[in-house]
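Here subunit A shows up in two complexes: once beside subunit B, once beside subunit C.
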Partner chain A sequence: MKHSIKRKNYDKIRVMNQAIKINNLKYNYDSEQTLFHDFNLEIESGQWVALVGHNGSGKSTLAKLILGLIESESGEISVFGEKLSIDTVHHVREQIGMVFQNPDNQFVGATVADDVAFGLENKQLPSSDMPQVIDEALTIVGMQDFKDREPHMLSGGQKQRVALASVLALQPKIIILDEATAMLDPDGRATIMKTLQNLKLKFGSELTLITITHDMDEAILADRVVVINDGQLILDGEPSDVFSQYDILRQNGLELPFVVELEAQLKPQPDGYLNERELIQWLSHLKK
Partner chain B sequence: MAITFEKVNFSYGAGTTLARSILHDVTLQIATGQVTAIVGQTGSGKSTLIQHINGLLKPTSGRIIIDDFQLTASTKEKILVQLRKNVGIVFQFPENQLFANTVLEDVMYAPLNFGATKAEAKLAAEQALKRVGVSSELWYRSPFELSGGQMRRVAMAGALSSNPNVVIMDEPAAGLDPKGQAELLNLVQELKALGKTVVFISHQMDHVIAVADQVIVMQNGHVVAQESPKKLFNRDLSWFETMKLDLPKAGQLAEKLRKNGVFLSRRPLTLIELADLINKEVDHE
Partner chain C sequence: MNNIMIGRFVSGNSWVHRLDPRTKMLITFVYILVMLWANSWQTYAWTTLFVIVLVKLTDQPFKLYWDGLKPIFWLILFTVVLQLLFTPGTPVLFSFGPLRVTVPGVINAVYVMVRFVLIILMSTILTLTTPPTSIANALESLLGPLKKIGIPVAELSLMLAIALRFVPLLMDETQKIMNAQKSRGMSFSTGGPVKRAKAIIPLLIPLFVGALQRALDLANAMEVRGFKDAVQRTKYRVLSYQKTDKLAFVALGGFVIIFFVIKELAHV
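After this line comes the complex of A and B, so read on.
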């Protein structure tokens, strides 16, 4: 008896450590097109997972399924052990912050600050607390000087940073960024990636990050890279393992990181995959 | 169609207390049949600049000459239709410019609007959709059911279907996967081969070096450089730091190598150049 109680607790802890569990998921675009068929994926709490795949591979659809924005045919999605259903969908969404590719569709406020406030009002945060929360969130994304501006007057990159601030203000346990950096300039993109790295350092296992991307230079920053195509899980592992599968990545319409492409052109060639820092070291030793 | 900007200034809310000045004394030339890339930090005025080329925005002062069309603050809205027929534009977020019930109807809109018959418009739309690689299975679907990359292509077909002489694209590669990006660069080259003038905004210097004949660099609403990519990317490193612009990836890696004692004889701008230079350098030792 004792043993079984222990066992039960262990299972409970394990389930609680699972931010997202997807079990035998089935989803069809319409009666003719199947996207996911028996799809399985587990994401541990506190992990940073890069979900990569070409346009139309099913990445964004998966995010929408997790949020309950669209419904699967069959299978289960659980968020922190809570099974997604009509009854639980609101509670599940409270724990997930989502930044979409197109920031224009997620603006509601007349000013940048109002926009961040919108989610807080829905959450019924006392209005006296709001200015501080809003300032903090905007400071993290470097948009504090824009708080009285009209969102529609901002450039694409600035809008996206405000969208991230609106999500951060709600302190979700999971943040999903759906190609959120695709429209940013190199500087803006670096700021967002740096912000995500800081968030991971700050919140550690308290924050689960899912970045949907096809930019391998972004994927390399994650703890884990999951490659999907046509609703199938193609590769799953640490960045260095995934990037050494050149042929599979190419077959799935993905690019190799620049350094990997370069390594293929070099004579002599290094033994196996080197990241940028390792390649530079290798070349400087070769010269000596 | 040659395009000339002469001392163009533009402010949002000009004449009001809320006026915000975006473009300052912009003077530039874009030659007919060339590919021009516009680069610069977010907020530098790139999108505002290109919206003047088809008269979506009119200059607060100065003028723009597009072939024989002159656009100034006082240009009447009515005559802009002539200009828009000749200048196709693809915006940054293509979803915003899709509206019809089917992909085909969406792409037919421009030619119909400019006076084509239904049959002519359909033919033009089909040609444009094929050119940008939207397969015929999708033509009768709603454009809103498509993926981001497919929407981009449909929006692009919409801009091409009236057979404009000038094609303007605001960050056309953003959000496209690597294969889509390669196809886009091919499309740009194809449009150039057809004699069209192409202007595109980009943050990807590797795309600029791959297809552009000329680069215009914007900073805080000013044009700070207008020259060939080769000349531009051989400027001093400090200039790129000031402008917060990247070198092409090959140039970036060469700079990192230099800091680690591996000196190349010149600055490579493509992967192949970089590989050749490294191989030569290693060979010598």
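After this line comes the complex of A and C, so read on.
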């Protein structure tokens, strides 16, 4: 008896630590094309997971399924132990924030502050509390000086940072970035990645980050990389493990991150994946 | 296409910018209503003066207003020409065939032009100094009583705000598609009317497809940020009348009274 109670508690803790659990997910584009078939994935709370795959691999569809924007055929998606259904979808969405690919198509407000306010208005936060929350959220992404700017006066990277602030203002436990840097120039991309790293430092295990990308240089920053193709889980592990599978990555239409590409071309090759700094060290050792 | 100013807001901190959007809407509305009563050069001079003062107060370069007028230039010209040619009366200045240009025709043409320009200037003042969300908010507040008879005012005002927000974006997109077509040899400004109309089709299709895609994306983004319906929302921009609004209403009252005084005097 005692034993079973303990066991129950253990399960509960395990469920609480699980940000997202996907079980036997099945989803079709239409009657002919099956995308996900018996797809399983668990994402621990506090992790930074990079979901990678080439175009059409199903990674964005997966994000939409998690948020209940589209409905799965069968299977189960749970967010912090709460099963996604028509009744729970609004509550589930309160815990997840999402930044989409196109910076213009997610800018609802007429100014930066109005855009951040949009989510707060939906949440029915009292008007008097809004300015402070908006300021805080914009400060985190470094956009506090742009409060009264209109979207057409901002660069793509700045718009995406506003989108991120809009999400942060709602204090979600999970943030999903769906190709959020794909339409940005290198500078914009770098500031977004820097902002994400700062977020991770600031919120630590409080925040689960899921970045969906086909840019492997971004995936390298994550704690865990999940590679999917045609709705199948191909690889799953730490960046160093995943990136040492050069051949599998190439077969799935993924470009390797620059460092990894370099390592793959080197003779002699280092043992497994090294990050940029490690590679420099390794190379300078070779010289000696 | 960037120079089309309809619905484009430029931030600033002028006296007009800081007015409550409801005040600005009411002033615009009352002004246009009153202006339709104008029938003499004195009354038109007075209404023009009022707009010039307001334009000055907005503290924006005049070029912005000029840009607002440009798109309707042809419409103005068309109406002016109609007035010139088809107003009966005497004395006749000159005639060719059945068309006669008369003195009342010339006067009418000038009046119509002034009226057009003033209406556009006045609405440009409103949109230039008021963020779209505030315009929508003001509309929601002013039309609030209609909720009682079941009109979804909150939804409509949100729809309006989003529509206004996407106007500049779709303008830019139109320009982009036009440039893309031009670079492949398409011409929008040569050939007969049929050829020109045909040239519009490959412009409209990508524009519509793009707009629908945007709409779907935006709907997703709104839902993810917890949008359920427009009624159950609080407001970031709370409207409240200030001292300056009272002052503005007094000024409007003064304008209206002086207008009718001038109108009566001009009659005598």
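Observations
Operating definition for what follows: the second predicted complex is superposed on the first by the 276 of 288 C-alpha atoms of A that agree within 3 Å, B and C clash if a C-alpha of one lies under 4 Å from a C-alpha of the other, contacts with A are read in each partner's own complex, and residues count from 1 in each chain.
Convention: contacts are C-beta pairs under 8 Å (C-beta built on N, C-alpha and C of every residue); 3 or more make two chains touch, one makes a residue touch a chain.
Fair warning: this is a prediction, and the values are worked out from it, not measured in the lab.
In the model built by aligning both structures on subunit A, subunit B clashes with subunit C.
Contacts of A:Gln171 after superposition on the shared chain: neither subunit B nor subunit C is touched.
Contact with both subunit B and subunit C is seen for A:Asn102 once the two complexes are overlaid on the shared chain. Look at A:Asp148: by the touch rule set out above, it reaches subunit C but stays clear of subunit B. Contacts of A:Gly253 after superposition: subunit B is touched, whereas subunit C is not reached.
By the document's definition of touching, neither partner reaches A:Thr195: not subunit B, not subunit C. In the superposition on chain A, A:His54 makes contact with subunit B only, not with subunit C.
By the touch criterion defined above, A:Gln18 lies against neither subunit B nor subunit C after alignment on the C-alpha atoms of chain A. When the two structures are aligned on the shared chain, A:Ser240 is found in touch with neither subunit B nor subunit C.
Within the superposed arrangement, the part of subunit C that overlaps subunit B, taken from 75-83, 201-209, 219-227 or 237-245, is 201-209.
Shared contact residues on subunit A (touching subunit B in one structure, subunit C in the other): 102, 104-105. Here subunit B touches subunit A in the complex through residues 12, 20, 41-43, 47, 92-93, 95-96, 145, 147-150, 171, 174-180, 203, 244, 246, 249, 253, 256-257, 260-262, 271-272, 274-275, 278-279, 281-282, 285, going by the rule given at the top. Across the interface of their complex, subunit C is touched by residues 64, 67, 69, 90, 93-94, 96-98, 100, 102, 104-111, 113-114, 117-127, 130, 134, 148-152, 166-167, 170 of subunit A.
Residue ranges on subunit C touching subunit A, taken from their complex, read 9, 11, 131-134, 161-162, 164-165, 168-169, 172, 213-214, 217-218, 220-228, 232-238. Within the complex formed with subunit B, the subunit A residues making contact are 29, 54-56, 60, 101-102, 104-105, 153-158, 179, 182-188, 214, 253-255, 258-259, 261-262, 265-268, 276, 280-281, 283-284, 286-287.
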